[in-house]
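Take this structure, written in structure tokens, and hold onto it; I'll ask about it next.
Per-chain numbering from 1; labels A, B, C and D assigned in written order.
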Amino acid sequence: MRELTYNEAAVEAVAEEMRRDPKIFYMSTDPIPPLLKEFGPQRIKATPIAEAALTGMGIGAAGSGFRPIVDWRQVTFCFVAMDQIVNQAAKIHYMFGGQVTFPILFRASVGGGGRIAAQHSQSPYSMFMNVAGLKMYLPSTPYDMKGLLKTAIRDNSPVISFESGRLMTSKGQVPDEDYTIPLGKADVKREGSDVTVVALAWLVHEALAAAETLADEGVSVEVIDPRTLVPLDADAIRSSVQKTGRLLIADEAGPTAGFSAEVAAVVTEDAATFARLNAPVRRVCALQVPIPYSPVLENHVFPDRNRILAGIRELLAR
Amino acid sequence: MRELTYNEAAVEAVAEEMRRDPKIFYMSTDPIPPLLKEFGPQRIKATPIAEAALTGMGIGAAGSGFRPIVDWRQVTFCFVAMDQIVNQAAKIHYMFGGQVTFPILFRASVGGGGRIAAQHSQSPYSMFMNVAGLKMYLPSTPYDMKGLLKTAIRDNSPVISFESGRLMTSKGQVPDEDYTIPLGKADVKREGSDVTVVALAWLVHEALAAAETLADEGVSVEVIDPRTLVPLDADAIRSSVQKTGRLLIADEAGPTAGFSAEVAAVVTEDAATFARLNAPVRRVCALQVPIPYSPVLENHVFPDRNRILAGIRELLAR
Amino acid sequence: MTNLSPNLPPDKQREMLRKMLTIRRFEERASDDYLAGKIYGVVHCYIGEEAAAVGVCSALDHGDRIISTHRGHGHCIAKGADLKRMMAELYGRQAGYCKGKGGSMHIADFDIGMLGANGIVAGGIAIVTGAGLAAQMEGKGGVAVSFFGDGASNAGPFHECLNIAATWKLPMLYVCENNMYAAQTPAAATHALSDVASRAAGYGIPGVVVDGNDVFAVYQAAHAAVERARSGGGPTLIECKTYRWRAHTERRGQPDLRDRAEVETWMRRDPIAMLAQQLCEQGELDSAGLQAMEDEIAHALEAAVAFAEASPFPLPDQAVEDVFAS
Amino acid sequence: MTNLSPNLPPDKQREMLRKMLTIRRFEERASDDYLAGKIYGVVHCYIGEEAAAVGVCSALDHGDRIISTHRGHGHCIAKGADLKRMMAELYGRQAGYCKGKGGSMHIADFDIGMLGANGIVAGGIAIVTGAGLAAQMEGKGGVAVSFFGDGASNAGPFHECLNIAATWKLPMLYVCENNMYAAQTPAAATHALSDVASRAAGYGIPGVVVDGNDVFAVYQAAHAAVERARSGGGPTLIECKTYRWRAHTERRGQPDLRDRAEVETWMRRDPIAMLAQQLCEQGELDSAGLQAMEDEIAHALEAAVAFAEASPFPLPDQAVEDVFAS
């Protein structure tokens, strides 16, 4: 075990996989220096600012026997490539009847907090969740990052690695030896019995902080980190809610048709879980607005431990 | 009143508004013949196949005093313009502090049933719902189409007119005189007391057919057509569910992070509604897969009156 | 027509004719069966443009890769796809290339380097540029070919990919089939210049205009571009001037706003008739030989239809397969 | 430097210098205040490239429209934006151009025809082309200008818009500020040809390369293009060869991988020093005049900072305003 940052864990995962498999190559408008240094410009390609082309080229190279990693960098920049994502990457394996595989990994940082305003602060993962044919995850720790990223690189379908901009420099323990984390498995980040909080990325940590506070008051909070968004580990979420009877979902994205809505639906459409649900489902999300620049405004838009705390208290009051 | 098709109602709405306001012009890769005939190529512009450019140009023209209509035709084709939609149209009014308005209408047909396979059969409206800064609707009748489209053209924000491909030739009564329908108002398409069905577009008609069948069995189904997706008329949906205690959502789109998830969340997060909810929420949606070509497969993917019926029966059995 | 025949073995010349004729007869049948309700959705016919696909693909090896558009049957057949599995796909059957999931707009056969028809205008250009990148990384001299229309040449990916391919010297052919229309919209209304090929200069690559109805002219241009690509010289933009005989899609009552005289002028320059005549004049074919070829093709088509009809429809549950790779 | 001065009134020449100097001093201040934590997020400096914005905007009328990039301060100031409201925006205050919602990457002033800085590379090109379309439809001789970088010239919208503008003869200037880098990536690695202007030929429009550090050369090219555009001649692509002095963004410890000798060579061609010297040589400015100009600008900047500091931060609830037009 060593301590690595979230970002270092990602770079290490990529580097290890690239050492293992010569079919992997990497494309991005600005290469990551340590990767460029180790693997050179043939495998770490600096590209024009043409994300639609890069994404499509990744698909074509994947269908031709390679395993490309296309790093969009900020998720914002992938919208110019959306046709290639939605109409090609997601559908091509299916519409061609599965005749070849398209092992391609996309990387995209998400979230806000950097005072970089509406265009550069986005958490639009649920837009991608809605598209059938894409797997995706969003880790909250360096450990999860490395394990999921390695699994994703080895997966034979297109996978999107959403990565939290806020957590890039956050640190955590990462094993020395090779390990992977399966896609589709939630992680119980804290066990509890009174209320379930399903949280993503940075908000896992905010939820844990809120749980800590409430523990002092005798309230036991279970914090579930789904990690993978598609396929979502509905079973883990449902089991937890069956135990606690209460559900709060914390997400840095806006609520509307978001990840948080999907979790609410997954819980309330399940008869066994619905039967045990003792309080309304609660979404603690960003306000449904573009993200503003000024710190006062930006801080107001995002949820945090205090809003989670307030939300849990309201649920418990029922 | 006359009988018009859904498509005719839309064309009539555009034509009437264009007669009224010389600032309106229309861009699309293939112009609609009657509009071209009446307004000529200066106002009905045939464009290159460059939807990203058209969308952006519409935004710029809107910010310069015009009221453009950009017809993407099939929603599929707008993914090449997604950056302009998500990063520009949705955010530009907000991030510039509201200094000017961007009155622009986008048109996009959605849905399946035409055996035109994955790329041409999509219902991705929830991807747009997730983006703050866009209004949008999806009508189920010629009457609603005309009234909503006229309102949308007069709105000073970007609005997306989603239009059901399956309903294009369906007929309905449309008043002779000018009328509009406000955005954000649901319509109770059938009153009932035992179960609420929230349905969109084609599935409104399937839900009404199911309701008819069930009426014979003494079951009273309320069918709510939200019509507008953003802003969603949560009040109307909640009131209905408070009355019936049961909710089924029928949507031609896949469920994951979809419109159906949002409706489930809006209902279950509201304490008053949750308190009256007697059964799990039920989503009757397309399967979460790309849409296949072969009729057997395509038919299997989409929900219909039978699946709605089965869903309602299950809810009533609880 | 270009007098290239001395350079090409007669067998190959006849094979080019056979391929072009196969495309035409296949599509005539597909159109009939579509109107008869046996083929669903939408069918875009390539009839009139056969020389472009066949001229280019005749300059390729089996391992080279191509990508197509919504108008894809011609490229499939030119690259060597199996008529049986194509027809079964159009019929929506299990034995189709895509197990009935794709239909006319999405036929692919990766085994022969056919990376698929593609329903998004300009949607395939980047994908096949990735195949060109793969070929470059493989280092075995493979090339990749992007077929696209005049309409697609105005879309962003055209530019992004030509620039990348030129900069990275990817072994690519960009083949614009300029049939002068994008659906109903004339190219003259959407292009500042009439030659798409003139855009090549902006990337420092060759831009070649050829008579797209002259299969040897197309072959010659493609052959030169393939040589260049295989030897590390980078991409070429080839513009084939051609014309589609039919409306944009097969549909009963589908309007065709084009000038009848224009259509007829082009139909008089039938690429198949022109080639057949040349082969006859050169003594490499006679009318009996042509008839034999027709019979053989008719036979193959009957077999393809029989195969398609004999193949079962997919089972409903197969709709949930192939979403992800196993 | 281009000897254009005879055609331009001395006042206008001095005004060009004053604008360029204002941009530079504004950004030096913005950078300082950013590093001091008074300005947030990200700041991209235009220092070294001032002649491009000022040369072009000096050829425009008040009613003409422009759009900018992530590197937008120079275009704002050149088009006549108010330093006070710019600074207040950088400070995230209510009195800022965007009420604190936009910050450095999104300053806009529609009243002066400045359609905004834009954080998406190539994201503004289509928007301002729509302003050009609006100008054409208005029929009052207005023009619109798209500023963008060498990096943006490789993105799809560049191509889509140049083609549309050329075909529709829109009154547009496409001004590529080729500073030889997109973030850390050298243009030489991403462009097949060194001149972006060479792409103009593919659309049948003029493509002009100018010394982007020579404000008169830029003005001259822009002036000719504006004339052409106003008279219905359609768009022009102008490429300004220039260089940014600073790293891609202001950030402590931000690496700059560029060759120091290259940076220094360009710094010796300081567009402001070159202009000041020419004006002095022409007798239109002396060192006292220059100092007075500096003082005036310093004064204006102090006033702008004071204005910004005096303006309150937005109230939290204002975050939910302006999502939709009222």
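Please note the rule applied: a contact is a pair of C-beta atoms (placed from the backbone, for glycine too) under 8 Å apart; a residue touches a chain by one contact, two chains touch by 3 or more.
These figures come from a predicted structure and were not determined experimentally.
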Measuring centre to centre with C-alpha atoms, which chain is farthest from chain A?
-> C
Could you grab the centroid distance between chain B and chain C? Build each centroid from C-alpha atoms only and quote it in angstrom.
-> 37
Which integer distance in Å separates the CA centroid of chain A from that of chain C?
-> 41
Roughly how many whole angstrom separate the Cα centroids of chain A and chain B?
-> 29
Please list all residues of chain B that touch 2 or more other chains.
-> 47-48, 50, 52, 76, 80, 83, 87, 94-95, 117-119, 132-133, 288-290, 292-293
Of all the residues in chain C, which ones touch at least 2 other chains?
-> 98, 100-102, 106, 118-120, 123, 154-157, 160, 163-164, 167, 189-191, 323
What topology does the chain contact graph adopt: line, ring, star, complete, or other?
-> complete
Would you pull the chain B residues touching chain D in the complex into a rising list?
-> 25, 42, 47-48, 50, 52-66, 68, 83-84, 87-88, 92-103, 132-133, 135, 155-157
Residues of chain D defined as touching chain C within the complex | 154-160, 163-164, 166-167, 189-193, 198-205
Chain D partner contacts - residues on chain A that touch it in the complex = 29-30, 46-50, 52-53, 76-77, 80, 114-120, 287-290, 292-301
Enumerate the contact residues on chain D facing chain A in the complex.
-> 40-42, 92-93, 98, 100-103, 105-106, 118-123, 151-152, 154-156, 182-185, 189-191, 313-320, 323
Within the complex, chain B is touched by chain D residues 65, 67, 96-102, 106, 108-111, 115-116, 118-120, 123, 125-135, 137-138, 144, 156-157, 160-161, 163-164, 167, 321-326
